[in-house]
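Can you keep this structure in mind? I'll have questions shortly.
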Amino acid sequence: MFLARVTGSVVSTHKVESMVGQKLLTVDPLRIDATLQATLKPLGRTFIAVDLVGAGEGQIVMIVQGSSARMTDETAKLPIDAAIIGLVNEVSAHGKEIYSSSTSA
Amino acid sequence: MFLARVTGSVVSTHKVESMVGQKLLTVDPLRIDATLQATLKPLGRTFIAVDLVGAGEGQIVMIVQGSSARMTDETAKLPIDAAIIGLVNEVSAHGKEIYSSSTSA
Amino acid sequence: MFLARVTGSVVSTHKVESMVGQKLLTVDPLRIDATLQATLKPLGRTFIAVDLVGAGEGQIVMIVQGSSARMTDETAKLPIDAAIIGLVNEVSAHGKEIYSSSTSA
Amino acid sequence: MFLARVTGSVVSTHKVESMVGQKLLTVDPLRIDATLQATLKPLGRTFIAVDLVGAGEGQIVMIVQGSSARMTDETAKLPIDAAIIGLVNEVSAHGKEIYSSSTSA
Amino acid sequence: MFLARVTGSVVSTHKVESMVGQKLLTVDPLRIDATLQATLKPLGRTFIAVDLVGAGEGQIVMIVQGSSARMTDETAKLPIDAAIIGLVNEVSAHGKEIYSSSTSA
């Protein structure tokens, strides 16, 4: 899985029928800054993920990729390869808290 | 999944039998420009995807990869790892609409 | 799937039994040149793919990756993650034919 | 599979129900330094993996990715694409021991 | 699949039970040098693969990745995403033999 920030959303009215009603969010994967190891840095890539936890723009989330994105009741039969499966409260690294949803803008 | 622009098409007359009749389009994955976060930028890669929604050259589409590309009735038994599952009407990011099929050339 | 040029072949006499008899070709993935959008450029990577369509060195082919490479009768039980599933006759991009097997050296 | 160093942990209280109770660690993939071939170097990427072996921060571990992360009794039904399946005692390369958990800080 | 050189081995005594007894080798993926097309060059990455053919350090091998690594009797139930499925005798590219196990150091 990977950490990502929700950056926006996608509207697709003409799509495969099974995808109708799915909430499609754009996400930018994050990594723990290798040098200072104290911040989360964006990779500058863009994926579309089906939202399963009510995520909103700007939030840090946990994404699962590949066939495992279909391992929930809601997504079992969907043609999807990425899903948001958790809202992230905290990330700790190298003994320090480097992200907390309660203190982050 | 990812955003992509349809760039062209592939003709393959000598192919695995189950692929006969499938519409094969070339696509270039897109990302939301990390700096201005207001445009979609091509990655400069080329994938071939089976088209399930009648996409045309130049259109922005949603692509699913891997085994999930087989999660539709039409593609369930095909040896494919990428399918176009939606035409994209709008992409919003950072509170702004950054793409709309109705206003884009 | 992706476009690739067949660059050569691999001989492996000591291998997992189910792979005996499989034709193993090396391929170099191709992309549509992002600048001029009129030629196919190699990525400079090397994959091994099982050949299902009688491809030869120098030919442009269509490759499927991952578990989908097992979605043919011949490969269903094989430990393979890449297969050549089509010989490419033509690639068109941005309204122009940028490759044709009949006119290419 | 790949080698990685455990760098920290993720707390997600609002997540897909099946993920409740899973220990989520952040890991940084490692490679054997290509030049000297005598040390393990971080790639500077960040993945989240479910811990199946009681790993702790700083430890070198073995990670499995993709659907194979579900090939254990504990993870068979989980929407996960990465799991820690081993604590690494030793890595030898080019005839030398380049890492040993007993002598490493 | 891809070509790789075996670079070393991993010892992990505390691991998921089903992995006990599996031989774990480190491998460095190879590509055919794009310029001269006459040698095999390492990518400088490190993967761990389960050895199914008795490979030794320095040997050139064929690796399968993903769920397909489980498509052998020995690995069907293992949480693995990479397996060595062949010892490579020869690699030919662009009409020349560029590697032969019988003449290589």
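For clarity, chains are labelled A, B, C, D and E in written order, and residue numbers in each chain start from 1.
We adopt the following convention: a contact is a pair of C-beta atoms (placed from the backbone, for glycine too) under 8 Å apart; a residue touches a chain by one contact, two chains touch by 3 or more.
Just so we're clear, the structure is a prediction, and the values are computed from it rather than from any experiment.
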item	value
Touching chain C and also chain D, the following chains	E
Chain A on chain C, rotation in degrees - Cα superposition, rounded to nearest 5	145
Distance from chain B to chain A - Cα centre to Cα centre, in angstrom	20
For chain A paired with chain E, centre-to-centre distance based on mean C-alpha positions, whole Å	33
Where chain B touches two or more other chains, by residue	66-67, 69-70
Cyclic chain order - from chain C, heading first toward chain E	C, E, D, A, B
Contacting residues of chain B [partner chain C, same complex]	7-16, 18-19, 24, 26, 28, 42, 44-49, 57, 66-67, 69-70, 77-82
Chain E-touching residues of chain D, taken from the complex the two chains share	1-3, 30-32, 34, 37, 52-54, 62, 64-72, 75, 83, 85-95, 98
